[in-house]
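In the two complexes that follow, chain A is the common piece, with chain B as its partner first and chain C second.
Moving on, here comes the complex of A and B:
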């Protein structure tokens, strides 16, 4: 198990390094950063001056190495727009995003896994059909629309919840539901399919033949095997929620990292965009790594992989 | 006469399908005494596994099961509730399955799964359960038993896994062991070992065993009694020695012709086959199910046919001699 963890950790670091290089070069190749900074009215000399000032005239690899080593020390440079260190800017915005992301995935898991299990125990029952309807609706409904509907009903009509902002926990209720509901259908369908599959397997019959009760059969013998693909999916969704909750953050005016990414791209704020891409990809890498470790704990056959 | 341990009377199992009711098992009777081995023989789909699952109370929810009696010792299994059945399963009656590769839970260690069988039914400590697991692994011939406990199923071969399954079924010293084709999925060399082991254990523990198989060679070696099933019906039942010496039903004789007999089958002579296929059991089924493949079938075979012969060796055929006179000697 320990060897497995070290192997995966090594792999994760390699992926992180590759991702950092790609994200750096992609943005670099997307246009002349000096020209973009200087603006449309700037003269050629102004652009050249800026180029030298920010070091864009040096070879790309040198710039990458410099950027990477500063990044490792937590220094992502200064935001062109905010004139603040990027690191502290992101750290501040991440609090909102991480809270939202964690609440969202927890909401999705807590609702989707039990629903999936119940749907699998009683396939084609009323509850299975209701769950299917919910998941189709969740997949079909755009987040921004669902978010606006919630605001209209619960904030404006009923006045139960604040429509926007991030001041108290009550501000997070609607965004959590919108974000979680987006992730829920896939988790539920995967749990249902996994449970249906596992419940038909020979070792479940063995467990029953031993005299195990239904609860024990379901949760000790079946769920542990059925949940494995769900763990991998939830990890990817978690990464997505932390990096891609731009829509939800915009609808509810939560100034999180997703919103910052959108702003920074619009403003050509290169250091901020680079740092955000790196942070978001690190989330994916960390969660995939954690999912791998969790899966290896759940299923011993994966430990040798 | 000692009282039987297991008694099944007029057991029928129906499976609803898209095209109608499938009458998978029709009117099966058998009894089993302590220490006795009954072998249920038949082709795939003859209802042997369903019969044993019905005894264990492990049939799926959609499958319908009816009988005049299913009695295990003093417990009426027909009226027993879930709780009573759960207390019996794995405790007083245990079962091992055909597929050792998939019958163990891949997520738990061998030790966990062995100990669970005991901990579910007995108030013992984990240490005691562990000691019992080691004891049984040794009994089923697994070396380094102590270290096997922390291994996972995927780290063991098929033969070892089947030994683990056997050890697991014996954790609570059951009165009845149902072995559903326990050697079918194993290498030939391992098959003999596992079979030997089962026979020795039933003797040693004075345990009754129902051995389900399609391999008549296996039956001849281990069974006290044989029940031959064809398409959901019992066609012949009796003491193993008698059924092998004087098979009465044309199907039983057909089966015996399919296996080579030492000293009887000539070198290079073709082995027998039974022409045709098993009939569909969906919808109304009447008369002898074997008549579509039987060389002696007549119009009378369409009527319901009762068992005949003397009570210890019965068969289901319209001909008083099972059409033996028309066939001549076997091979």
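Moving on, here comes the complex of A and C:
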């Protein structure tokens, strides 16, 4: 088990390194960082001055090595755009994104898993149909649109919730629903499919045959088996939510890490983008790892893997 | 031809409009004016940002030595009470006495000397070097008299001193630096800053101790500015009563908001000019069609400028033929104008040796709708365009490397009301000059450095007449911007695209 963990960690580190190198190269290919830094109003001379100031005239590999060694020491440098330390900038923005991501995935799990279970118990019933409709709608509706509809109804017409911002917990209700709703369909379908599969298997028949109560059959025997792929999916969805909540953050004017990443790419703010990519890839790695551990706990067979 | 396709934002706007049952609770009682910015401002320190939002805060927090009345374009003293040219490169100022910075530091010659010497030093990395790199240094004569020494003759000095050059407190700035100033700004201006969350939230409070400035006294006690990137969200905030003023609202949304009758929608032109840049110098290839004057003239005749203005830009936008904004000093309008005449364009192309037209890469970086409309005009006369929409920095790099034959560009002249801020940026053989005409360079050098206004006008006229006569560019239109605010807010926007909080009040 321990060697397995070390192997996984070593692999994760390699993945993070590769990701950071590829992103660094892509940023350099996408445009002149000096021109982006100088902004629209700068003259050619301003751009040249910046190029010298930041050393963009040096080979890319040298610049990457320099970044990497600073990053290993925990120094992510200063944002070209905000002229503030990248570490504190990201720490501040991550609070919003983490809150949103955790609320979003919890909302998705709390609504999608029960719906998936019910849909599996009563396949082709009204509840199953409604759940199917919800999941199709969730996949089909762009999140900016859903967000605006919520704003129109709950902020403007009913006046119950503030339209945008992050000042209080009430500001997070609508973004949570929009972000969570997007993850719901996949979780629900997977729960339903898994439950249907498990409910038809031999050991469930055995459990019923030996007289176990229906609740016990459903939750102790069936759900515990059906939930395993859902846990892995939820981990990936969580990673996706942290890095990919750009649209939701933009619609609800939440200044989170996703929006910061998006904007920083357009501004060619290399240190910020690099650090964010590292943080996001670490999230993916950590969540996938945690999902494996959780699965191993749920399913003893996986512990030996 | 130019009917607008419904975009994501127009669709969303339609939903918003249809939904409105206005609570309309103004913040009048709390005396706070809530404003939205669209872009995250990088640094409040005005020397270290290059965005419109930065200019807006700069005018509220700091003062310059001179003030230009935005309506009359007349220069009057602000932190200076008078000034005179000692010689061609030396300006002497008498400073206003009794002015204090927001932190209590007294304003005097030391502050001017420190500010000028700091920003003029290239190593300190002021973002827009052009705003400051004409100054060499400043010298204290006595506590309330200073001289600013210029590197060379620079007639637009007064305009710059009334615009981007603000005075900073020497003791505080020496300690805080640009980052500290960005987080806790200190100036002499009508508003002082009480809160900065970088890029997201700015709170200003009226400076009760503001000097007798030509800007006038602030009337609204508190200005609360939040960055809301999505225009539709800004509108939702406006409807729900938590915003009082939004700006840079796209024309279609502004029209609908105006119809609702609950908001004041004001449209003002900006100094931004939209133009087609053509590679007359042949940098993208000796044989490129735009080295031929007839082709450039054909392009100029192919564009229906009036239709672009009427159908797309709307508002106070105007057709322009000059590579500068008409109100700028030296931007004479006595130039060659190309009317919309597609037949003539085709004939010119045929005469140039392209009876069947040609195919060319066409680049743009903003306003996709406009760019697409322009391509359709070009296609109509036989110029087939391969349309590329790039990020600004990527297009700029290609341009500087001379890889672009034809592109849709815009320039806002940093709101500086002098032709040198536009025409001299692009026709003086710099990296972005696609023309490289020696005569134009020579004339612009005279016009940019002469201190005699008549000489300046004379030489700008020569340059502009040659640029338009040779059809080096195809200038097309000026931009405009929409300001939308609650009916309780009294404000008249100005044509320089700067929001002036000091001019706002409650009705």
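Following the convention adopted for this analysis, the second predicted complex is superposed on the first by the 235 of 305 C-alpha atoms of A that agree within 3 Å, B and C clash if a C-alpha of one lies under 4 Å from a C-alpha of the other, contacts with A are read in each partner's own complex, and residues count from 1 in each chain.
The working rule: contacts are C-beta pairs under 8 Å (C-beta built on N, C-alpha and C of every residue); 3 or more make two chains touch, one makes a residue touch a chain.
Since the structure is predicted, the reported quantities are computational estimates derived from the model, not experimental observations.
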Touching partner for A:170 - first (chain B), second (chain C), both, neither: neither
Contact breadth on chain A, by residue count: chain C or chain B: C
Which of chain B and chain C A:46 touches, first, second, both or neither: second
Chain B versus chain C as contact partner of A:58, first or second or both or neither: neither
Chain B versus chain C as contact partner of A:210, first or second or both or neither: first
First, second, both or neither for A:81, with chain B first and chain C second: second
Residues of chain A that lie at the interface with chain B and also at the interface with chain C: none
Chain A to chain B touching residues, read off their complex: 201-203, 205-213, 221, 224-225, 298-301
Contact footprint of chain A on chain C as seen in their complex: 8, 12, 15-16, 19-21, 23, 40, 42-43, 48, 50-51, 122, 125, 127-130, 133, 178-179, 182, 198-200, 226-230, 232-233, 236-237, 239-240, 242, 390-394, 396-397, 400, 412, 414, 425, 430-432
Interfacial residue positions of chain A with respect to chain C in the complex: 30-33, 35-36, 38-47, 49-50, 53, 81-84, 89, 144-145, 148-149, 151-153, 155-157, 159, 162-165, 250-253, 255, 259, 263, 266, 268
In the complex, chain B residues that touch chain A: 56, 58, 86-91, 94-95, 97, 99, 102-107, 109, 116-117, 120-121, 152, 154, 165, 168-169
